[in-house]
Every structure is written in structure tokens, then in C-alpha cells.
Amino acid sequence: MNQQLTEEKVFKDPVHKYIYVQDQTIWDLINTKEFQRLRRIRQLGTSYLTFHGAEHSRFSHSLGVYEITRKIISQFERNEYPGWPQEERLLALCAALLHDVGHGPFSHSLEQVFDTHHEQWTCAILLEDTEVNRVLRRVSKDFPDKVASVIGKTYPNPIVVSLISSQMDADRMDYLLRDAYFTGVNYGNFDLERILRVLRPVQGKIVVKESGMHAIEHYLMSRYQMYWQIYFHPVTRSSEIILRQITRRAKELYDNGYSFAWMPGPINKLLDGTIAVQDYLKLDEAYMQTIFSLWTEEQDSLLAELCDRFLNRRLYKYITLDDPGDSLLEEAAGQFIAIGLNPDYHMEIDFPFDQPYDIYRPDAKKGGKEEKAPILLLNEDNGLSEISVKSDIVRSISGLHQGQYHIYYPVEPLLAAADQLSPGVRELFKI
Amino acid sequence: MNQQLTEEKVFKDPVHKYIYVQDQTIWDLINTKEFQRLRRIRQLGTSYLTFHGAEHSRFSHSLGVYEITRKIISQFERNEYPGWPQEERLLALCAALLHDVGHGPFSHSLEQVFDTHHEQWTCAILLEDTEVNRVLRRVSKDFPDKVASVIGKTYPNPIVVSLISSQMDADRMDYLLRDAYFTGVNYGNFDLERILRVLRPVQGKIVVKESGMHAIEHYLMSRYQMYWQIYFHPVTRSSEIILRQITRRAKELYDNGYSFAWMPGPINKLLDGTIAVQDYLKLDEAYMQTIFSLWTEEQDSLLAELCDRFLNRRLYKYITLDDPGDSLLEEAAGQFIAIGLNPDYHMEIDFPFDQPYDIYRPDAKKGGKEEKAPILLLNEDNGLSEISVKSDIVRSISGLHQGQYHIYYPVEPLLAAADQLSPGVRELFKI
Amino acid sequence: MNQQLTEEKVFKDPVHKYIYVQDQTIWDLINTKEFQRLRRIRQLGTSYLTFHGAEHSRFSHSLGVYEITRKIISQFERNEYPGWPQEERLLALCAALLHDVGHGPFSHSLEQVFDTHHEQWTCAILLEDTEVNRVLRRVSKDFPDKVASVIGKTYPNPIVVSLISSQMDADRMDYLLRDAYFTGVNYGNFDLERILRVLRPVQGKIVVKESGMHAIEHYLMSRYQMYWQIYFHPVTRSSEIILRQITRRAKELYDNGYSFAWMPGPINKLLDGTIAVQDYLKLDEAYMQTIFSLWTEEQDSLLAELCDRFLNRRLYKYITLDDPGDSLLEEAAGQFIAIGLNPDYHMEIDFPFDQPYDIYRPDAKKGGKEEKAPILLLNEDNGLSEISVKSDIVRSISGLHQGQYHIYYPVEPLLAAADQLSPGVRELFKI
Amino acid sequence: MNQQLTEEKVFKDPVHKYIYVQDQTIWDLINTKEFQRLRRIRQLGTSYLTFHGAEHSRFSHSLGVYEITRKIISQFERNEYPGWPQEERLLALCAALLHDVGHGPFSHSLEQVFDTHHEQWTCAILLEDTEVNRVLRRVSKDFPDKVASVIGKTYPNPIVVSLISSQMDADRMDYLLRDAYFTGVNYGNFDLERILRVLRPVQGKIVVKESGMHAIEHYLMSRYQMYWQIYFHPVTRSSEIILRQITRRAKELYDNGYSFAWMPGPINKLLDGTIAVQDYLKLDEAYMQTIFSLWTEEQDSLLAELCDRFLNRRLYKYITLDDPGDSLLEEAAGQFIAIGLNPDYHMEIDFPFDQPYDIYRPDAKKGGKEEKAPILLLNEDNGLSEISVKSDIVRSISGLHQGQYHIYYPVEPLLAAADQLSPGVRELFKI
């Protein structure tokens, strides 16, 4: 059973001013060790190495997503919109609060290498023997499953899913505002209050009154700018590449039977694919940084060097290319080997636009992993139109993308061996 | 030799908008591993457990102190004030940037127990074999010593010292603004631009044109509010107490020959007092949190419990008393022992106002550790007056202090054994 | 009959982001000509001559007071506090919106001279034949009287009065935030959202939960600073003095039968004390400025000069004195006459602190015009305490006042006739 | 001769925090009656009837343009860029301050009808017998002409002109920030500090370092949104239409020999085209509003009604049409006449996009009135490229425009005579 707190609890929050907790269940979830662990996982991964203010955690973001969801629902309830199922309130709030609880350290960089998915871990934390699970079960026996199905987008009532996961969901709205606040840029500063006022629950979807179209345009422009200027920043990608290389190298060594001077149990299990939830929960960013710090003294010089680069921010430089098949690159690879470098690690090609990116696309192909419900406007005659039909500006930015490749490389060894490089390679790498 | 960068470097900063670097020496210092390590030490210690936004690091604060110092000096130079020695510019900037470089993890809480002082470590990092030292020595052989003497307040030119350390120094101005921004409160929001415009270098001191008095009043009121509402917040103090108890317990166990399941070298050396600078530099907050996480599995149940409390934010509650000599406390201590608690740990008396606090005091007694040059106003006739002589509001707040004691205790064991406590003790601890 | 609007109306507001209108009556009141007239009356009188941003009108302030009142009531209703009489909602909102509707041009300066009171005009606008009256009567026959009695503080239900008029009323909260925003200072920036959350209707009063004490301290400090730095700014007072002198001179001339080249009907009636509401409503600040502009060509050179000074911002300078009985002043008065000045106009003594000022005073003597209900804290045991009993900082600022006199004078004629002034007088007036 | 002030003067400004005056000439210009008059002319004309915060004047905007220009020049001087002619500093500052000094009341609406141009009046105020002219002549005999030629874009040194008038000039940068601040929207909030840092004087142009491209994109997107959501807001256009109709009607009556009950000299001269500068200067917005107020009692009922509509904000409603040639409109016109309306006034077709609008257009056709120098990026190799070549987002918004017509009409008489309108006309006008 959930019950109302006799006295509302309040968190001071720089983005929403205050976050209000009115339910015992929400309060108890926040106090679980699994949720408190999110304080040790940064919201923006390695972005703090580019924007030093971006040191905020997934803990504060998760509270923010909860708060926006709470505000939307409370507006729906106050206006008694028939499209909103009032009995789903607590379910939606729990899903909002917990949607990121399975994130591991530097998830976006490390999941690829370890072939692990935070969505699965979220599910495990909700359903296995954890404090979170115990709190949810107190509401009802099937409540953990319901929360998991909302987060997993299989819950039968689509409007609940769409609060947490759509082109205008509480997750996106919080992270754009929060990341803008902590990095200090003013791109992300759209008009949240206005947007919350124009949302309407209609036919199992959350749609936008047409009179609010300009506020949505502003939100999508903010998103566009945040992606290109913060999330895809090439210096941040350089640090992500080094992070991925650390784990790639560790896995390679492990698979080859290398004997690590320091190899703690949870990492071992992560590498051999046997890790279970209690060990996974130990893996926060403090833990990973401490391991990297110990690995700077490993015998494998590549691993040691990569860890040193990450901790002390000796990042790779990059050059920009239109075509990654450039024959000069092949020539360079040969010369890299000749001077003792390993092109697998020391010449990494990056094409950020390959990534499942998140610019608004009305025509996201069905079934794709990143498919999100498009933004619909509610016209005066109660019809619905996809926003890019009505808005010139949305139409014009939703088709945009930029198409250059970056090659990341360590500049120091190239400088040291400059005389062994051909003029073309020197010019390419600005040596 | 320092030299100008051919192209100014810029850091995006949420507090000052941008931080500008124009000197090669400053750029090189920021890129040392000792300075980068400040990214892993939070500016406000455990305050993030009360104000979740307060996750910012000493890295960003150090850049901020540098930037304010740069702005003050650049204003002095632009106006060609005779009181400012232009040849001291780089020295002042380096001291501003590095003044906190010796801070260890959770310094304010841990220094007391380990009897170590961040000022000494700062000195060691400047003068011993470090990357910072190498960069400074490139300016001149005695430059590391000069920077250390500015930070240590023994540099013969007092105006350089007063930029970094006085009642209106760049350090205080940055942390009030920064801590207000990241916690999200609006108390700390004084008018920095106005203050910078009214500072004047006069007779070896940095003084304030009288026409700027109101801006200073506002700054001091902000400081007053930040102290009582952020820095001395009782929940934050609860987490500091637990942190101190962890280290106190670890030291106790170590001194008694307890065999730790996990005792890494640097901690061992810290405990036996033989730690040197290279090991000290490994001790960041990621490292300490990882150790605490491992110690939650130690055999000593008190240590394990304290570490669990800290990591998972199971903090002590507190009650408020006018008189810590209350006889009921003695009675309670007996009952605590009877139910298996240890009053040395489970009943901690805290009087925050004993701490060397930092409210403005014009009459700070000479020679005290915390003595800071008072704030002087420059009158129209070029005379100087201490601000509290002129300002009613400063006079009225500078004498204020509040005088209550807090008793911190774990509430769960008291609840579990409530029937073994006397009614008076139950009432006192709100059981 | 009032009724809900089918669709909430929204005003964009820089201070509250949005102002929400949900009642037909409120919407109709805003659209009356008497309320629209407030767009032509500035909120801060002549302050725009000191702080050029302060050009905002009583229209925007009145909407702001309405919005804060709406938020307080909606919080009371949402929590179903028994102390709040829900049937009084519309009455309180109308009183909040209309509390300033009787303000004339530059009221604070001109009321003294014309012996007119905006409170009486507000009453007349509510009760006589106006659009406002017609809208109110549509609610019920006695509704105009009820609104008037709330504004006049005689309404029998004291909690409704206290929303509009107390030490923490919606009026003060809006004007501090608004005036800070438009002048551009950051003193006035207290935490409105927090304060709104801790208000409680108890025993016919609106009180503050003790846990919100710090937010109230901050509000009172903001108020203190706004008074001394904005509202009592000596340059603003100089312009107010000139404005008062214009009307004093006009009245003097009128009483002496002077024949004005331009004397429009409403002003004539104002001067002979026969003005009625329809003429009063024509007197906005555009009207007064146009008259002053015409009067710059009047034959009476004193009136013409004063009007020129006001329009073109040739303000009086001022000097500061501890004692207005200074014998040098008498000497100066003689010399002023000798060089053709009129000490009645050209040597005006001002003691701002004589004014009914508005710093928080817990002990305001009963029955005084400016008496306002003090701020009460609601303790955990449901007792009430006056805030200065609990708060050191409030106690310390509530007793403060500064005690200097200012003498305002035109500097140009003194400079022109400097050689006819004694050295003492020259020194006094900085000639 | 200009000279430095011994003590810098400071204005508090909400947009730039402070405005700094260092030159006697600038100080004297601000204190002229012609410049003070700008306090009585609103920056955004009638927009305050839509956005009630938009009550700010051209006085504050003019100071803002001056301040941005001062900051740009001071950055150029500090970096000693060879492309900036340091001897032009005072000239550029005076032109920035005075560029709008000739604006009359509600210029954008009234100039069309009276066939007068604020540029010509600016010229007259600089060159004829005014206080401004006297201050400028003190610098040098030809200084007024030089200032006039910078404002008129004929000054031979193009870089000085481009500071005041180009796609990125100080004028645009100030008004976007200022209008956003006072209306309270957050669209206009681009990163001024960043832009100022990346401007470079090159080849007689002010260009932008390529690394600052994103800041420019943000500025252009802000501009786009401000135009469509603030400047072209249909309610604001409704009030402009009424204003134009007032003056159109007055001129019509005047030309037909109508005898006005109240027709002051300056208006008379304006109508017969003989107005000279001293009378023009009397025409501020206070003056016009007072005349409109008097004209509400004119015998001509159309003029009286229009004045009443304007003062009391009884604006016309509007409908949206794709094609203004719609045959239903012709039918409606006939019915309007039948019920006593005048289609010339009561059915006004508006196509805002016909207006010389100000969205960024790289290909502005040469010689057009609104032609502005495009924005050029300075590449790393010192080449220049027009920004839309490099930026997808700029290219996509620079071609955008929306194409609907609005028909403005008074709704009250249509409602009153609804039964005399055909069903089609009723539906069209939503009766």
C-alpha cells in the first residue's frame, strides 16, 4: 500500500527550484541503496572533461524526471481531462523515478564493449532481490512487473508509456534543462512551464494544443543545439574513445590470459559475462576510476597509458575528414606501426552521426530501437497533425545532419617521431 | 619563462560564463595531473547528501578563483592604479589557481582525525617533485617558493596576499556564488561586477570605494545566509560526523592491531603517519568511496555499519539542546550501553558554532589562525574606515551567533529497543 | 454571477512567467477602461529617472498581486486547510487585482499637495458609475461593497484582508520582485515559491510554518535593501521634490488668481477641490507630462523652470547634514534670497526616514495608519511566535534606521553667483 | 574637445548589468533634452498591449546600443587589432548612442501615414540648433556631420558604419536581448559575451571567427523566434492598425476641412507638412496619448471610436485567410456597409510578411532599403565565407517565411447585427 506523507517532503533543485514528494512509496524508493547509488554515476558521462560544470549525477536527473512527470499528471488531474487514467498516477511516478536505475558507470561508452544493457539491469533491479523491489512489492505483488513494463514500453496503457518515453517525454525535458544548467550554456533554456500547460492526454497519447506550437519549436531547436554543441562535442568523444579503449584492452588481455596485478571480483565477472545484480551494483564511477588509477601501474603499457590518459585528461587530438577511406590513412597506418603505435588503438575513426542520435525525426522508421512517438498537435477542431507538417522551422531542422568523420590519435608519439613520417601524413595530422 | 598564448583559451563556466586563459604557465598548470585530480574532490564535501546539486568539484572552484583574480588585476592594470605592482600579476594568478591544490578527500571532515593539513600538502605539491613544480620552475627557479609564500601568507608584498586571503578575497567571492549556483539557492547572489569595479589597491591593501558600500553589505548578508543555511546545515553535519567516525574507527582498529581484509598502501601510510606526496595524491574521493564500499564487508561491525550509513545515506538523526551537560544525557548514555550501543559513536555532541566560522568579524583577535584583514572603505577624502563603523547592517550581523547544541544518534536501534529506554530518554530522542 | 472561463487565459509576465486567469469576472475587470488606465501610471513614480529600467506600470504590478493571491489560495484549496474560507476566493482575487486602481499619476508625490488619497479614489471607482462597478455588480448586488471593504480593511473576515494587506501580503511580495527585476538589481530576489509553500491560514491570520523561517529572513533582508537602495535613493527623491514643487507652485499661483495660459478642466477641478471620478480618471501620467510640457512656456518663471527641470531631468543636487538646524543654513537662506533664489523652493530639507517607511517593525504602534499585522511563525506544537523573537537577523535589522538630512538645491544659479556667497556657504554646497 | 571623465559614471541596466560612461561628450549627450525625450517613447511601440512588460523606452535601448559598441571597441583596442581605426572610437560611440534620437511616437505605425522618416529627424537633431548639436560641435566643427554620416551609412570608413548597421550590429544585439528581457520570453537569450569575443575587424568589415559559428547560429535562431512570436504578434498588429487608422482618419478630416475641437499646433503642422524640429520634439508618446484622450470626445464618431479603442484596448479581432482575393470578402464588404460599417476602416487586410522584415537573408538584393552586410566567418586560413554556406541551420531558416493574410475587424458591431449577415459571412468572421 502506498500512502500520502503527512507532510510533503521537499528537495532543493537548481533546475526545478523544488522537487516535491507526497507519497510514502516515492520517499522510500529514493532512500533505497540502489537509488542512492545513482549519486555516484554522472549524468553526462565524460562530458565534465569538456564542460567542467557537468559533474551532476543521474540521481539529480532522476528526481527531475519524476518532478516533471508529477507536474504533468497533477495538471491532468486538476483539469480532470478524461483522457488521463487517474489510477495510474503512482505507477507513472515510480517508472519516471526509476527509469535510469540500471545505468552503470559511463554507460554510453562501456555498454558496447561489455555487451551489457542498462535497460536489462533496470529490469533486474526492479524484479530481483533488492531494496527497490521490496518497496515496490509493498504497493502490490505485481507492482514491480508493472513498473518494469512501463519502462520497457510494453505496458498495455500507452499513455503511461508515453509520459516516460516519447519525443516530448519527461526524460528529455529534464535532461536538456539540467545539462544546459550545469554546463552553463544557454541553448537548452526552453519554456517548460508553457509546454506543461499545453499538453493534453488524447487517444492514448500525450499531444500538444496547437496554440503551444511555438514553445515546441523552441524546445526542438534547443535539442538540436544541445546535441551538436554539447553531446557530440569532439573533445567529449575523445574521452569516450579512450574509455572504450581501456575496456576493450582489458577484455583483450583478459581473454588472452594476461595476469592482472589488480583484478577485483566484480570486474572479473563482468569480463567473463557472469556478473549478477549485487556485483553490478558495486560498479559505480568512483569504483571504475579507482580501478583505472590502479591500472596505471599495470605491466601492459597500453592499458597503463590509456588509464593515465583518462585520469589525467591527456586526450587524443582529432582531425576532420570527408571520407574515411582516404588512401593517406592507409599510408599513415603503416607509418604508425613503424614507429611503435597500434592503429587499432591509436587511429580511431569516429562518425558521431552513425550513433542513434536524437534529433527530432517525424519519419523514424517503425520498429527501430530508437523509434519514438512523434509530436502531435491538437487542432482547434480536435484533429491531430504531426508537428513538422505545420511548422516550417521543425521541418527544416529535422532533415539536417552533418557528415564529417573524425580521426582521433595521440599527438605526443607523432611529434616525437615526426621525422619518420611522410610529409603527407605530417600535414594530415598537423605535426 | 611565461609567455602569452597566441590565442586566448576559454572554459565555459556556469558562474562566470567564461574563464579566460592568456598565459602559457596557467594553461600548463591546469593540465598537470595534480590539478586535474581536483576534479575528483568535491568543493562542498558531503553537502551533496543534503543539496543534491552540490556535486561540483574543487577543479571548477579553483578556475573560478583564478578568474576573479584575473578580473581584479586586469581592472587595476587598465586603470593604472599606482598601488598595484604590475610585475606580480603572474604570481598572483598562479597562487589563486593553486591555493586549494593540496586538498584531500572530504578535507574538512578528515583532517582532524588524521592530523593532516591541506595547507602543508599544497606546499609539498608546489615544492616537491611534481608536474606543478616543473611548470612553476620554468618561470624562474624561485617561483615555486614565491607562490607557496603567497598562499602561506608570508610573501613580503601584502597586497598580493590580500587578493587570495582576506575578508573579500577571490576565494570567498567565488565559493559563495558557485555554491549558491550548484545548490540552487538564491541567497548567495551578490553583485560581483559592482564589487570588482569598486576595489582599489591602496597602501598594500585592497580596499573598497565608499560608494560601493551597499554592494559589500549585500555580499556580507549573502555570506551570513550561506553559512547558516548551507554550510552549517544539520543534515550535512550529520554526514560529516559519520565520515569522521569512519576514520576514527579505522584508526582505532589500526592502532589496536586489527587485521583489515582490505587495507591499501596509501591508507596504511596515512594511518601510520608516513604518507608522502605521491601516495597522498592518489587519495581522491573516488578512492575513499571505493574503500568505504569494500569496508562495508569488514568484520568489525561498527566500521562496516558506518561505511554502509555513509554510502547509502542512512544518516544519524539529531536533537537540539541548550545545554550539553544535561543530566538526561548521562542517563541516556547508560541506557545506550545497555542496548548494545557505543555512546562514543552513537551519541555525538556537535556545536557548529565552535568551529572556526567565517561570518564577518571586524574584531577578529590578532594572531588567531582565522584572522583575516577586515574590510576597509576608502572615503572621498582618501581616508579608510572599517566597514562596520559605517554600516548599520554589517554591525548588526557581525555580532550575531546562535547557540544550540545538537546530539546526533542512530534512530533505528533506539526504535528497535524502545521498551528498554526510560520515558525521559524516549521523549528526548523522539522515540 | 461569476463563471469559469472555458479556456484559461494567459498573460506572459517577466516576474511570474505567466499569469493565469480562470474566471470571467477577473477577465472582464482587466478589460475595463479603469483598469487599462493603470498602463499609463508607473509603478515606481519617478524612479525611472534614477534606474532607467523602472518604466513598468501599475497594470503589470496589479496583475502580479492578483497572481500571487491566486497561487496562495490555490495552495490552500489544494490542501483543504480548514482555516481558509473557500467561498471567499473570488472576493480575495478581485480585491487583489483592484487594490491600486485608484492610484493617480505620481501618487506618492502629488497626493500630499492636493490632499487627495488613492484609497478614496479606489473606493469611488468600485462604488460609483464605472465599468469596474458594473462588472462587480454582475457577481452580486453587494459585491462592490465587499471588495471595497476588503481593500479598506474593514471586511469582517480578517484572513481575506490579511492576504492583501499585512507584513507578508501579495502586494509587497510582488512589488519587491518586480521592482528588482525592472531596475535590474539583485537584492529583491527572495524565494517566492518557498514562501508560498509555507503559508498557512490559522485563526483568521496567514502565518508561516517555522521551517520556512529562513525564507522569511531572506525576504525581510531583501525588503531592507530595496528600501535603502531603490525606494529612498536620493536622486529619486530629488525628482519627487521637484514634482511636488511643481504642484505646490501651481496651487499657489491658482490660489493667488494667476491666469494660466493652459489650464485644462480636470486640473482646474483638482486645484479647487471639486474633481469627481470621471475627471480624475483622465489624470494619468501621460496627461501630467503633457501639461508640464505646456507649462514650460508659462509666464511664471518658477513654474516654467520646475517643469523644464522635471521633463529634461535637470534635478537638484543635494548635500547631507546631521542637523537641519545648522546655523549655516540660515546664513545660506539669506544669501539665496540675495541672489534671487527662493529658499522655499530652492533649499528643500528632506528627511526620508520621517516618511511612513516600511521596514519590518514587530512593534508598530496600534492604530497607526501604517500598522500591519506582524509576521507570525507556526511552531511544531501549533503555537504562534512573532518572528523577531526567533530570528536574530530580523531582530537586528528591524531596529535599524539611519538619520541624516538631505538639503536639495539647484546647483546652476549657485555656480553662476558663486562670488556673492560666503566661503562657508560655498563649502557647504560644494561650489 | 572630448575628455575623459575623472570618474567613470555608471547606469544600472537590467540587460547589461551596468552601462559605463567614460567620456565627457557621452555624458553630456545623455543629459541633453533631446536624448532625455527618448524616455517618453517606447522601444516596442504598442507591443505593451500584448506583452505588458514591454513598457521600456528607446532611452534604455539607446544606452544599450552604446554599451555594446563600447565593449566591442574596447575589445578591439585591448587586442590592438590592426583592422580597427582607434581614432574613430568617439565617433562610433556617439553614432551608437544617437542612432535612434529622431524617433517619434509610435514611429513604425505613424511614419507611413504622415510620410515622415525618423532617419531624417535624427539628421535634423544632429545638425540643427539643438542641445545635441552644441555638445557635438564642442568636439570639432565637423563632428555633427560625421556622426550623421555614420548613421546615414555614408561615412567613408565602412567599419564604423558596420558597427551600427549590419546583420550583427550593436542595435540588433541590444534590442533582441532587451525585448526578450522586458516581455519575459526566453527566446532572445543568446550568448552576447561569446559573440563579442569572436568579432574581428577585417578589411573594413566586422567578421566572426569561425570557432564562434555556433553562437551566431543561436543568435539568428533567437532573431527568427523573436520576429515571429513578438514583433509580428497579431494582437500587436491589431493595435498598430488602429493607431494607423486614427492618424489616417485625422488626416482625412483635416484635408476635408473638418473643424477639430482640439488641434494643437504641432499636430496641425504635422498634418500640413510644415513641422520643424522644435515642434517635432514635443511629439512624444505621452503627448499623443493625451491627444487621443481628448479626441475621444470629438464629434466625428469614427475618430472618437478609434481613439477609445486604442486607449482602452478594445482591439480588432482577426481571421486568417490564405487568399485575400476571397470572393466572400467582397460579399462581406457589402454587408458591412449595409450595417453602417466602413470597410476602409473596419475590414483591414494585413500581410505582415510584406513588411521589410528582418530575418537573416544572405542574398538581400543589392540597393534595397533593408540591405544589410551579410555575416562573414573568418576561417583559420584567414579566408571569409558567408555564414549560410557553412551552417546548415542558418541556410534552413534563412529561406523560411509563412504566408497567410489576416483580416482585422471590430467584432462588437458584427455581433450586434448578426442577423443581417449571411451565414457564410457569419462563419468567416466567427459570429
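Side notes on the structure shown:
Note that the chains are named A, B, C and D in the order they appear, and that numbering of residues resets to 1 at the start of each chain.
Here, a contact is a pair of C-beta atoms (placed from the backbone, for glycine too) under 8 Å apart; a residue touches a chain by one contact, two chains touch by 3 or more.
This is a predicted model, so every value here is computed, not measured.
The contact pattern of B-C recurs in A-D, the pair among B-D, A-D or C-D where over half of the contact pairs coincide by residue number. The greatest centre-to-centre gap from chain D, using C-alpha centroids, is found for B.
A comparison of the A-B and A-C interfaces places the larger number of contacting C-beta pairs at A-B.
If you average the CA atoms of chain A and of chain C, the two centres end up 51 Å from each other. Chain centres here are Cα averages; for chain A and chain D they lie 44 Å apart. Mean C-alpha position of chain A lies 32 Å from that of chain B.
Each of the following residues of chain C touches two or more other chains: 17, 185, 191. Against chain D, the residues of chain B that register as touching in their complex are 8, 10, 17-18, 191, 193-194, 197. Within the complex formed with chain A, the residues of chain B that make contact are 11-15, 17, 31, 33, 36, 39-40, 48-49, 51-53, 55-57, 59-60, 63, 181-185, 282, 284-287, 289-290, 293, 311-313.
In the complex of the two chains, the chain D residues touching chain A come out as 185-187, 189-191, 214, 217-218, 221, 224-225, 228-229, 392-393, 396-397, 400-402.
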